[in-house]
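Below you'll find a set of structures to go through.
The two complexes that follow have chain A in common; it is paired with chain B in the first and with chain C in the second.
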Partner chain A sequence: MFPELNNLLNTTPDRTEQGKLTLLCDAKTDGSFLVHHFLSFYLKANCKVCFVALVQSFSHYNIVGRKLGVSLTAARECGQLVFLEGLKSSVDVFFRAQAEPHPLQFLREADAGSLQPVYEFVREALKPVEDGQAAWRYPVLLVDDLSVLLSLGLGAVAVLDFMHYCRVAVCWEQKGNIVALVHDSGDAEDEENDILLNGLSHQSHLILRAEGLATGFCRDVHGQLRILWRTPSQPAAQRDRSLTYQYKIQDKSVSFFAKGMSPAVL
Partner chain B sequence: MAAAATCGTGAGSTGSIGAAACKNNVTSFQRKGPRASGTDSGCSRLVSIAGTRPSVRNGQLLVSTGLPALDQLLGGGLAVGTVLLIEEDKYNTYSSLLFKYFLAEGIINGHTLLVASAKENPADTLQELPAPLLDDNCKKDFDEDVCNHKTPDSNIKMKIAWRYQLLPKMESGPVSSSRFGHYYDASKRMPQELIEASKWHGFFFPEKLSSTLTIEPCSLTGGYRKLLQFIQNVIYEEGFDGSNPQKKQKNILRIGIQNLGSPLWGDDICCTENCDNSHSLTKFLYVLRGLLRTSLSACIITMPTHLIQNKAVIARVTNLSDTVVGLESFIGSERETNPLYKDYHGLIHIRQIPRLNNLIYDVSDVKDLAFKLKRKLFTIERLHLPPDLSDTVSHSSKQDLAGSSKLLGPGCGMMAGGKQHLDF
Partner chain C sequence: MLNIIDSFQMRPGVGGGRIHGVPPLCPEGGGSAGRDVIRGRRRRDRRGLEMESVLALGGLVLLRDSVEWEGRSLLKALIKKSALCGERVHILGCEVSEDEFREGFDASVNSRLIYHDLFRDPLNWSGEALPGGPLGALQAMCKRTDRGPVTIALDSLSWLLLHLPCPALCQALCALSQQHSRPGGSSPVEPVRVLGLLHEELHGPGPLGALSSLAQAEVTLSGTMGQASAHILSWRPQQCPARQTQWFSILPDFSLDLQGGPPLESQPHPEPHTPPVDPTAHVTFNLHLSESERAAKDSLTLPFQFSSEKQQALLRPGPRQATGRIFYEPDAYDDLDQEDPDDDLDV
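Moving on, here comes the complex of A and B:
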């Protein structure tokens, strides 16, 4: 996790809000550093994490996680982390017929599939342990990323339904958190993606939007992060709080600064 | 990913990512099997694959794309297990050349090739590969080796370092260059002996139309399904995914897919804007990436993105690929006669570079890159605008030049950016 981002969000691993949906969004840049941040944050906060990783392999997250101070292999072995590796499982599902239902079953289906097997997988992974002894604080679902599900033949409504079911199961029933990454296609006119993004933006409590700089590439400022706090249940009488920072990604951390105050400029 | 930076030294080095990753033995490229208990001896085998080198940044195993200039722009080379997507130029002249460079590099390094095409028979493609540029000394040795490889002793007896004469002679292939990237002569063909000595698999779609499938119908078109099955068979049978523990010598599989997405593959994504199987191509790329991540292979795909009508699909394809390079040639466009670009044949855009096992990546500062195909070499260089030296250039042509230079990125900064040309 990045300590500077924790300061900006006003959270620490010991003191977090529960029952929240955080939406990560990136436009014209790569927002995966936010996924690494939240993964290591919740593992350090002693939560049970279910990570649906659809775009990169386990070793990728593991190596970056080690730089940020968590070991994914240790977490997986002791049961704190349940990892669904999309790329590896997709090969298994696609080429060999599976005996029991697999979360990525929709890859084999001819018409638009449903995400119900994935929801069952998440529910199974995050269900509370019955022996009474609570080893972990609360469950967290992390999805990287939802836009790739649209590329695999699912409709935006199916993905929104999936997120709704997960929110009921994780956020409302068990007071856990959900973090999901969606790409913003910008001017590429991806209607399905826009539906997904708008739909999730209205449901989320915290939106972190990583954008590329409007002026183009810069070596010292990699992008701009917009943080938006929302209260979806209440009417828009009170204004949502929003902050904007620029950031530079380094080898093991990310440094944030106010707009125009990059150390390279001052 | 294969973290092979310091594994060759064994368990001695600590405090580096490479050794630590080997100790945990969780990289996708470690063999699943009885050795999963995590010994360091497994790592040393990854280092000795010919034609690869570890990245300086994170120990990622890299292969050369066949163009040393492009390797440098991509941060050292193409990572094993990733996809390089080349957005074709309009007439597919230069993208097919990059495709051939990739395959030629595979032959020189002794990698196994898998060439898939719906337009041209892979056997014909392999005949047209460019010849490697050797040093003169190497070339002489090559000729000599071919003529009298039966000679056991060297003619020259060593007088001073005579102990070295007793060492066993190294088995040197026809091109025994151990350099990472090689240069190729686009005007000559690769020698037939090299092509025949190499191992390659070809997938020519028109020949496979009647073959049967084991994958049940899903939303992929028939061509993509057959290609995926073919690739998976090759990877599985030749043990690139570690499933065949008897294999002694690890090797890299270089996959080349030409004109993916064109109507010749049975996909109508280039023909209409709202096609029936709009997810066919993206699903193919996803499963292909899954295959690559779990095996020792690297893939190059050329795609005619200029034909794809739906911009959303191009954005999705870019997100599903790891490295994306776009070529824009000047042939047929009005830039061909533009004096700004007279030294170059086209522009090259590095659209995406992956961040693998890392938060950061190597990105070059130069965003305006142009390429030219000289008689022998394909070079990529920074786009330099020629100085505006002439006094008698008319006002209107100066405005044209200024207008076209506006299309370049902010990195050039030599000509006026706006339409108005200011005379000082």
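Moving on, here comes the complex of A and C:
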């Protein structure tokens, strides 16, 4: 996790809010560093994490996680991390008997219907341990990313329904958290993606939006991060609701600074 | 906004159209300025009365919000207002849980809320869905049998629009908004107010237009500098649509606090302790004039300035002073022609 980002969000692994949906989105840049941040953050916070990883392999996340101080291999072995490796298991879908349920079986269906099997997988992975001993603090669902589901033929409403049911099971029933990444297509006219992004934004408590600089690529400033706190059901609090910072991604950390205050130009 | 709130307090046939909470500005009417203000306020009140009568008829009110300016807290504030007036409020909850929706309401309000839970299992994935699914739940609200004035809140209309065909939803909304008449027909009809929360970024112009055509009023939320505003557009039969912008904020107990106008722009005042900087203090050239230089400058006559002295000098050329003379030594190749080429002109 990135300590500077924790400071900006005013949170630590020991002191987090529960029952919240955090939406990560990126526009004209790669926002996957936020996914790595939250993965290592919640593992360090001793939470049970279910990671639906659809775009990268397990070893990729493991290598980055080691730089951030967590071992995904160890977490998976001790049961803290349940990892759905989309790239590998999507191939299994085609070599299994059709009757056997598989989370990604929508890939086999002619009319891609719903993500109910993925929801069942998540609910099963994060259900509380029945012996009553809470080994982990609260469950967390991490999804990287939701836009790829649209590319795989699902509709925006189907993905929104999946997130709705995950909110019911994780945020409401178990007071856990959800973090999901959605790409913003920006100028490209992708109505389905816009519906997905706006629909999730309305349900989110925190939106982190990584944007490329409007002036183009820069060696010392890789982008800017907009943080928007929302209160979907409560009157807006008096604190700052929106902050914008620029950032630079380094080998093992990300440094944040106010706009125009990059150390390279001061 | 003031008028939507007042409409929640007034029902037709009650009182003589008196506006609550508007004290007279100057009871003695001192001065024409005071009279103009009173006249202006009465004009606004008259328009407010018209809007109240439109909203008091019932019907669909759309609350259009966006990601930045969420509308659920306003919906809850209007629900609280209805409940405190003794109305029963039915809520079709699709986006948030019942606990989260009831949070912030006190017991007197919560006792009048009836929450129809579509949040927990809207698509019957867990086997706990309401019978008939979303459309069945909506149609069941049309057939409710409770008496008295009622407000129906749809949280949210966007969710219903994404999951139901637009025509079916519009038909159900029409059926919901129709006046609920008691059996027997002799007692006056009770209007039904339907509040629909709509996330306008999620829908195209077609469905939005269809819902607008069904609506009695539309409240679009926006704001500036942290202060929310509501742009209210209401339609009355055979009259022009009425528009009003109201700045407001919602208190933690979901009471509405109406503001008079937009927040003042924060002006960039300089620090009062630092004196203004003189830009001419540190330049490398002289911008100032001494007294003698100033006198010489003021007395200087510009070359092309036509004054009476110059006019006289031109009309009566004085003795030649230092006029210029031209000395020319012709070359061998010069062809000097002494003839005046204009000699043959007869002018």
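Here is the rule we go by: the second predicted complex is superposed on the first by the 255 of 266 C-alpha atoms of A that agree within 3 Å, B and C clash if a C-alpha of one lies under 4 Å from a C-alpha of the other, contacts with A are read in each partner's own complex, and residues count from 1 in each chain.
As a convention for this text, a contact is a pair of C-beta atoms (placed from the backbone, for glycine too) under 8 Å apart; a residue touches a chain by one contact, two chains touch by 3 or more.
Because the structure is predicted, anything quoted here is derived from the model rather than measured.
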Based on the superposed arrangement around chain A, label chain B with chain C as either clash or fit. fit
First (chain B), second (chain C), both or neither: which does A:66 touch? first
Report, please, how wide the angle is at the C-alpha centre of chain A between chain B and chain C, in steps of 10 degrees. 110
Is A:111 in contact with chain B, with chain C, with both, or with neither (first, second, both, neither)? first
Quick one: is A:57 in contact with chain B, with chain C, with both, or with neither? Answer first, second, both or neither. first
Examine A:87 and indicate which partner it touches, taking first as chain B and second as chain C; both and neither are also allowed. first
Winner by number of chain A residues touched, once chain B and chain C are compared: B
First, second, both or neither for A:243, with chain B first and chain C second: neither
Is A:148 touching anything from chain B or chain C once the two structures are fitted on A? First, second, both or neither. first
Taking the superposition as given, does A:135 touch the first partner, chain B, the second, chain C, both, or neither? neither
With both complexes superposed on chain A, which partner does A:195 reach: first (chain B), second (chain C), both or neither? second
Check the superposed model and tell me the shortest C-alpha distance between chain B and chain C, rounded to whole Å. 17
Residues on chain A lying within both footprints (that of chain B and that of chain C): 191
Sort out for me which residues of chain A touch chain B in the complex. 30, 32-33, 36, 57-60, 62-64, 66-67, 73, 86-88, 90-91, 94-95, 97, 107-111, 147-148, 150-153, 183, 185, 187-193, 215-217, 219, 249-252, 254
What residues of chain B sit close enough to touch chain A in their complex? 1, 3, 17, 20-21, 24, 26-28, 58, 214-219, 228-229, 232, 279, 282-283, 285-287, 289-291, 293-294, 311-312, 314-316, 319-320, 355-360, 363, 365, 367, 409-410
Sites on chain A touched by chain C in the complex: 114, 116, 119, 157, 160-161, 164-165, 168, 172, 191, 194-195, 198-199, 201-203, 207, 228, 230-236, 241
Across the complex, what residues on chain C touch chain A? 67-68, 70, 72-73, 76, 95-97, 99-101, 103-104, 119-123, 125, 158, 162-163, 199, 201-202, 204, 226, 228, 249-252, 254
